[in-house]
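Both complexes below contain chain A, partnered by chain B and then by chain C.
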Partner chain A sequence: MPGVLTAIADPSVRDAFREWLLRIADDELVIGHRHSEWTGVGPDIESDVAMSSIAQEELGHGRALYEQIAQDEGSDVDRLAFGRAPNEYRHAALLEQENDGWEYSIVRLVLYEAFEGARLRLVAASGQEPVAGLARLLGREERYHGLFAETWLTRLAGGAVDGPGRVQAALDAAWPDALGLFEATPADDVLLRAGVLTSSPAAQREAWTDAVRPVLESCALTMPTAEAREGGRRGVHTPAFGRLLAQMTEVWRSDPEARW
Partner chain B sequence: MTIATDTLERAVWDILGTVEDPELPISIVDLGLVQDVRVEDGRVSVRLVPTWIACPALALIRGRAREALLSLAGVRDAAVDYTYDEPWTLERVTARGRAQLAAHGLSVPRCRFAEPAVCPYCGSHDVVAESLFGPTLCRATYLCRSCQNPFERFKPPADA
Partner chain C sequence: MTSGRVDQRDGGDARWERPLGTAPDVWAVFVQGRHRDMHVYAGDVHAPDAEMALVLAKESYTRRDPCVNLWVVRADQIHATAQTAAEMFVPAIDKSYRFGGSYRQQRRVLQSSYKASYREEDQ
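Then we have the complex of A and B:
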């Protein structure tokens, strides 16, 4: 059975779809790694387990997406996940930033899950099987992440003393990077023209803003007005990613040919 | 020796019924993972539906299923693959599977996670969700306010 990529006849559409898949998988891998840093040090045992589970799910989702590329190209998932140069990763900067406190991780989770749910619906509508089917399944799993994130956001933002201020500061810090999730690249144009992608990055951003506004405002948070910080989708990353990549790939690099 | 295809197909289902989920005391047939079985000239192909895409047991289940199939007389080759064509849902669990999970102390919703939870020990509905994220991806943790027992409840991927 041909893979999803070889089934696409037009080489430019095939390359663009690969770019899109890689971007989604990289987002999941990198945020999964960041979430996993809460394992053992979460604010309470339930949240520790929850964040660890969310990490496990994001890594599993990344793996399933990398598999779609790897099986088409005769490569292996680990090499794709761990064996690339930093500028070959396509995730947005939001996912690579350090966990600057629990409130930052929760705000990031709220913003990312709203984006990810909508993006998976676009993949599901792309008509490209079996990836479209995979996206439908992933969407069902992501739903619990958003619930967890929003429950915590409400709790933190409604806290006494410094809670609201700290959550607002985290939101202000995360906002430019969150807008960077929608960075447009030539691959988006190709997919839009081919009808594989049915919403432009600008339209996606508008829909996302409409979706997160009521969540944030119900927590008495102010919508930031800062501009987007972009680069990730083109492989330009912040120093935080260099540190993350070095740690995440340490075991794999010790023996890339090892069979696990 | 040639074994009739329908006989072999029955043997395939029977042996898949002995392959257990590594995290639950239930076979992959009773859990509803087996989507279809095809037997052709001693070559068996089985399609499985994953419960959770990120479940760390997927590769293990696939390996165990293939190993079991290859142990059957008359099987020359076996392929086990996951399909994303349709979602796994609670309706796929057999009555026997539900009974096994209940005996294991796991509460299992009838069809949707959103329906009211029931304590598997005393049958009370006076329960509270402690966390959506339990010891495995497919289990949430609860506390029964009637009998004071903590319990786990099967958590399928969210309702579509």
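Then we have the complex of A and C:
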């Protein structure tokens, strides 16, 4: 059975869709790794288990999407996930930042899940099977991730002592990187013109802002006004990603040919 | 949000904020595996309110076995018999007449269409 990419006749659309798949998979892989860093040190055992479970699911989503590409190109999922140079990764900077406290990880999860849910709906509507069906399936799990994040956000932001200030600081820190999720690249233009995507990065960003605003404002948080910090979608990453990649790929690099 | 607010979603009596060093409440978690099953006690979670207890119970108790619905109940709202009263439940005389184990009818019930529809639901 031909894969989703070989089924696309126009090479420029095929390349652009590959870029999009890689971007989603990289987002999931990198945030999955960051979430997994909470395993064993979460604020309580139940949230530790839940965050670890979310980490596993994000990694699983990344894997499922890498498989779509690997299947088409006869390549290896692990090599795709772990064997690229840093500038070949297409995730947004938001996902690579260190876990600067539980409140940062929760704020990031709230912002990312609102984005990811909408993006999976876009892919589901793209008509590109079997990825569209996969996106519908993955969206089911993202719903819990968002619920977990928002439930925690409400409690942290409602704290009596330093909760509100710390959550606001985390939000202010995450905001420019969160806007970087919507960095426009030539691939977006190609897919829009081809009708594969039905929403431009700017329109996605507007819809996302409308979606997160009531969540943040109901927690008495102030919407930041900072500008986007971009680069991730073009492979330009922060030093945090170099450290993450070195750690994440350590075992794989020890023997890239090993079968696990 | 003001300090010491009362969480209205939890019936209005659940003050989720408390002094540092106070342990969060314990909630008993009941899992319903399939729509016609009874909810079965699965274990506890620590959480400041019912909504958080449900969110945490989902990952703590439904990752492996099937689940269609969860209940959480504040553990201190569950009334229990005393452990020392256990012998109250032990029969003193033969009451095997109360057990249906030997009834052929029981096997028929177990193999009835009711159970068959369960299998369909599971697939």
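Keep this in mind: the second predicted complex is superposed on the first by the 260 of 260 C-alpha atoms of A that agree within 3 Å, B and C clash if a C-alpha of one lies under 4 Å from a C-alpha of the other, contacts with A are read in each partner's own complex, and residues count from 1 in each chain.
The criterion applied here is as follows: a residue touches a chain if its C-beta (ideal position, glycine included) is under 8 Å from a C-beta of that chain, and two chains touch if they have at least 3 such contacts.
Quick caveat: nothing in here was measured; it's all calculated off a predicted structure.
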item: Comparison of chain B and chain C by chain A residues contacted; value: B
item: Contacts of A:220 with chain B and chain C, given as first, second, both or neither; value: second
item: Touched partner set for A:229, first chain B, second chain C, both or neither; value: neither
item: Contacts of A:46 with chain B and chain C, given as first, second, both or neither; value: both
item: Partner chain in contact with A:121 - chain B first, chain C second, else both or neither; value: neither
item: Touching partner for A:158 - first (chain B), second (chain C), both, neither; value: second
item: Which superposed partner A:84 touches (first chain B, second chain C, both, neither); value: neither
item: First (chain B), second (chain C), both or neither touched by A:140; value: first
item: Chain A positions touched by chain B in one structure and by chain C in the second; value: 46, 49-50, 53, 144, 147-148
item: Touching residues (chain side chain A, partner chain C) in the complex; value: 44-47, 49-50, 53, 144, 147-148, 151-152, 155, 157-161, 164, 219-220
item: Residues of chain B touching chain A in the complex; value: 50, 52-56, 83-87, 130-135, 137, 141, 155, 157-160
item: Residue ranges of chain C in contact with chain A within the complex; value: 1, 3-5, 16-17, 24, 45-48, 51-52, 55-60, 63
item: Contacting residues of chain A [partner chain B, same complex]; value: 46, 49-50, 52-54, 56-61, 63-64, 129-130, 133-134, 136-141, 143-144, 147-148
